[in-house]
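Letters are used for the chains, namely A, B, C and D, taken in the order the chains are written, and counting of residues starts over at 1 for each.
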Amino acid sequence: MKPIKPVKIKKDIKCRELIDEFSNASFGARRIAEASEILKTIKRENCDLFFGFAGAMVPAGMKQVVIDMINDNIIKVFVTTGANITHDLIEALGHHHYKGSRYADDSKLHKKGIDRIYDVFMKNEVYQSLEKFFDENFDKLKDKKTVNEFLWEIGKIIDKEDSILTTCYKKKIPIFCPAITDSGIGLMIWNNLIKDKKIEFNDFEDLKEILDLTWAMKNKAVMYIGGGTPKNYIQQAMQFTNPAKYGIQITMDIPETGGSSGAELKEGISWGKMDEKAKFVNVHCDATIALPLIYSYVKE
Amino acid sequence: MKPIKPVKIKKDIKCRELIDEFSNASFGARRIAEASEILKTIKRENCDLFFGFAGAMVPAGMKQVVIDMINDNIIKVFVTTGANITHDLIEALGHHHYKGSRYADDSKLHKKGIDRIYDVFMKNEVYQSLEKFFDENFDKLKDKKTVNEFLWEIGKIIDKEDSILTTCYKKKIPIFCPAITDSGIGLMIWNNLIKDKKIEFNDFEDLKEILDLTWAMKNKAVMYIGGGTPKNYIQQAMQFTNPAKYGIQITMDIPETGGSSGAELKEGISWGKMDEKAKFVNVHCDATIALPLIYSYVKE
Amino acid sequence: MKPIKPVKIKKDIKCRELIDEFSNASFGARRIAEASEILKTIKRENCDLFFGFAGAMVPAGMKQVVIDMINDNIIKVFVTTGANITHDLIEALGHHHYKGSRYADDSKLHKKGIDRIYDVFMKNEVYQSLEKFFDENFDKLKDKKTVNEFLWEIGKIIDKEDSILTTCYKKKIPIFCPAITDSGIGLMIWNNLIKDKKIEFNDFEDLKEILDLTWAMKNKAVMYIGGGTPKNYIQQAMQFTNPAKYGIQITMDIPETGGSSGAELKEGISWGKMDEKAKFVNVHCDATIALPLIYSYVKE
Amino acid sequence: MKPIKPVKIKKDIKCRELIDEFSNASFGARRIAEASEILKTIKRENCDLFFGFAGAMVPAGMKQVVIDMINDNIIKVFVTTGANITHDLIEALGHHHYKGSRYADDSKLHKKGIDRIYDVFMKNEVYQSLEKFFDENFDKLKDKKTVNEFLWEIGKIIDKEDSILTTCYKKKIPIFCPAITDSGIGLMIWNNLIKDKKIEFNDFEDLKEILDLTWAMKNKAVMYIGGGTPKNYIQQAMQFTNPAKYGIQITMDIPETGGSSGAELKEGISWGKMDEKAKFVNVHCDATIALPLIYSYVKE
């Protein structure tokens, strides 16, 4: 048994050093250290990391960490919600998300045309820019066969270094979005559909692609920011091919309610989603705190 | 100001009476009572209730409540995850979910071919039945133009009174499943796809359908069991048409992490998803407890 | 393995029947059923039930359930926070708690002399009544040797059937309050102290008493509403005498943060607080919902 | 409205810099930054900071941060649970807490004499050392008039630089422990009591002391690690004297269940515990992560 060593904060301590301190502590602190250590191994072994990214992470300011993790060759497959890529596109079109307050009067915000995401504000006028973007670029997008190709094309068109979509496009990192109809981008496609302008892609081609990828890849890792469809979509791909050897999950959802989002990674062993000998950790922490901290441990 | 009256439990108290007691109390108890009262209003006014159903609710034993709510003409539009309809189909094919333990050894379960969902067990062999079902019925399913039609057809084929799918089919209640690729049923479609047998539906036709429905319906209500894509898909439909007048949300997710699943319904006012004068309540409770209790208040 | 049976709600279903339905389901519902079954066993075996009662349960309307559980001879030892007995006394003195709103403007409430406890309001003037009560009754209270005797004496003086304090006094149920200085009643004692009027009791005599009780009692059970000092005080008494054979815990606190309040009962086995063969369950639910429901199962 | 700026992690980023990045983000990250900024103000203005320290923080490795915050003259009044000071004393007597696992078999641990605190292990033999300590030092401790004096005396006797008790003693920082009977140290006092060796202190003298302190101090701040009696004891002292101007709360408890531990600081305004113009923040994060991070921002 190894003794706990009290966490010591020195002046100007680096995040990296803080995490080393955490590795000798317990509870959430130790989880952060374990996750950092696993991410380091994932990077060192050049594992194929499937990264599930749920929750309003782009509005909260988390996109750059993801972009850097892609550029650092850590993330190999990116799975997200329609919302996150919509917000990425919104920022690429020149709009901002704003520091707001959770205590704001929602009726007043509505009158001012401001949409609230907890303590983030967004101007409702972003939807006009989205519409304009899809009107102008419809022809380039319409023939894409998969959601992945469609999203890469958007990334190519907007061509912004600080966009997740552009970064995925440039690095040829597959993007999966199993519920694209459930998002602002989805609504824009519908908006064209009612004008009889149809997008052609087939979600099942994307499913085939992620399953082919998981079959081909042998030294796999998973990292989940929140749960939702990104987590479940990756988990089922592992189940029907071969399991992941490393796992990191950052969520505040609890296992007691039985949903996939809060389920401990351990549960995945019974399904064959996680390897019996896999190294994994559940970090019960707000992802906006935990993700940058854990990433700082492997930043070069 | 109305005084709190202590909750009094008499012998053989009915759920309905318990909820009346709760209405004079506070914290979670009062929320249950408020939700029950709102559901009663929804029923009395014959509102168009959009019901979002996320989390492993079918495995946990919640399908009959949903079936009854459909047969009672309370639920008018049903939105769920791929997992819940897959589990509904699994039970319709004669399989069971089992009472298990969260403390089970997942490696041992894996060796025995048992998949764990928190404290529910399921035999992995269900996937063979699913495969057989889709092989046998592919021709009936292949030409469906929307996910809704596809799911109704499954409900028609299995023809079980105790199936959500069959009930939706018989009552002509639209079913939306914005992430059907992210489920066992999705995998079965993929499985046929790799044999060059293609299903034709287009998710955006479903999106069009739910938006047309929300446009047409004026006295709308929403009820969310968990969050995820079902909640978000309904919320965005409200945003782009006209807002809901009543709302009930049952979830243990918290607003602090900023995700859609834990967001308070109040937030929807800023987006125009909830009416400024809407009556709504967030019930912070395990849905397997809260949903049957709240439903008991309107059961006739 | 026993199959899950979907929960069926019939018209006018009784709480007792609902819980029987829950026993065949999973997640939180099954926990409620397990807790109900354990409480039934506790009652049937006439176990010595140590009942820990934390959180603002009296303001929320939970006192009558506790009073009934004492009068039904279920609760044998009562341990609570200073707050709960202060609120019990406040109601016994003729004041009310009121149905309020969590969204109220706290500055305005302050100006109006209203104290907020989440969605419960209380008039600040209650403190004058408390002061008057202690001024008038100081002589009867001053010589009490233990907190228990002191609280029984208050129960005797107020003599209200709907008071927890009076009920404990009349049924001779020991009341422990390990942090009485941390409460309105504590402040009233201090208020007299600064007038040189001293209360004599010694907390360690109470500790001796609960330890003597736990030594003497062999068939013990614990039931915790929330955590805090009530839980910990009972747990340590078990540790230093002999362990509990049955346990029910109702809390929303989570184990991940490592505190005693959220710790699973299982952890108590390592300490010798719970018997290795004990039957116990952690109910992750708002106590204002779960406690009345579980109690309804044993109400005669 | 200020735009969100995505958090950027550079190589070897310092915690201080990470927090500056967080200040431009949202959700939990921004809360960490706000708390850090408030703590900086508290330090700069040399406020009288009342620090409430609940949960098994010493076993988890958090004692050094507290010691440093006392030595840096940030913490002016220290309020904690009996457990934390017992664990501080245990370490001062030469024992350790150990890195364990939450998945350990509690029955086996019990047989080996190991007590589990979530993922921390402690040898049960520590109680013999505690007993020996109190036997040997009883005469020095018996006449102490307050819990504070008693705890200072323990700190003086053990005389360890890395002990919270010794640090409080040396810096003359008042320690309050409103539920000392509810702890291992409490049990040791009881253990002597049954041998007719009595400790003399009166908890109400401690209450008088903290109320005198809060009266005298005008520029007050509160910081809560967890809730429990430490938070409530400080809050009530503010209520009956004059309110705090700054507040930081770090907890995972939620407001919805109505207890004091999860209550938002805002609620304190209605009671007069927090000033109407107070600056405060609720950080919804595991304290073992948040406390060291926030402290790093003011470390010199």
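Here is the rule we use: contacts are C-beta pairs under 8 Å (C-beta built on N, C-alpha and C of every residue); 3 or more make two chains touch, one makes a residue touch a chain.
Computed from a prediction, not measured in an experiment: that's the story for all the values here.
Engineer: Counting only C-alpha atoms to place each centre, which chain is farthest from chain D?
Structural biologist: So the farthest one, by centre of C-alpha atoms, is B.
Engineer: State the pair with the higher C-beta contact count; candidates are A-C and A-D.
Structural biologist: The comparison resolves to A-D.
Engineer: At what distance in angstrom does the C-alpha mean of chain B lie from that of chain A?
Structural biologist: 25
Engineer: Compute the distance, rounded to whole Å, between the mean C-alpha positions of chain A and chain D.
Structural biologist: 35
Engineer: Find the geometric centre of each of chain A and chain C from their Cα atoms only, then give the gap between the two centres in Å, rounded to an integer.
Structural biologist: 43
Engineer: Hunt down the residues of chain B that sit against at least two other chains at once, touch-wise.
Structural biologist: 26-28, 56, 59-60, 118-120, 252, 254, 256-258, 284, 286-288
Engineer: Enumerate the contact residues on chain C facing chain D in the complex.
Structural biologist: Listed in rising order, the residues are 54-56, 59-60, 83, 102, 104, 106-107, 109-110, 114-120, 124, 178-184, 186-187, 189-190, 193-194, 198-199, 203-208, 211, 226, 228-229, 232-233, 236, 240, 252-261, 263, 266-272, 276, 286-288.
Engineer: Quick one: in the complex, what on chain D touches chain A?
Structural biologist: 1-16, 18, 21-22, 24-30, 32, 56, 59-65, 68, 96-100, 118-121, 162, 252, 284-290, 292-293, 295-296, 299-300
Engineer: Looking at the complex, which residues from chain B come into contact with chain D?
Structural biologist: Interface residues on chain B, with respect to chain D: 26-28, 254, 256-258, 284.
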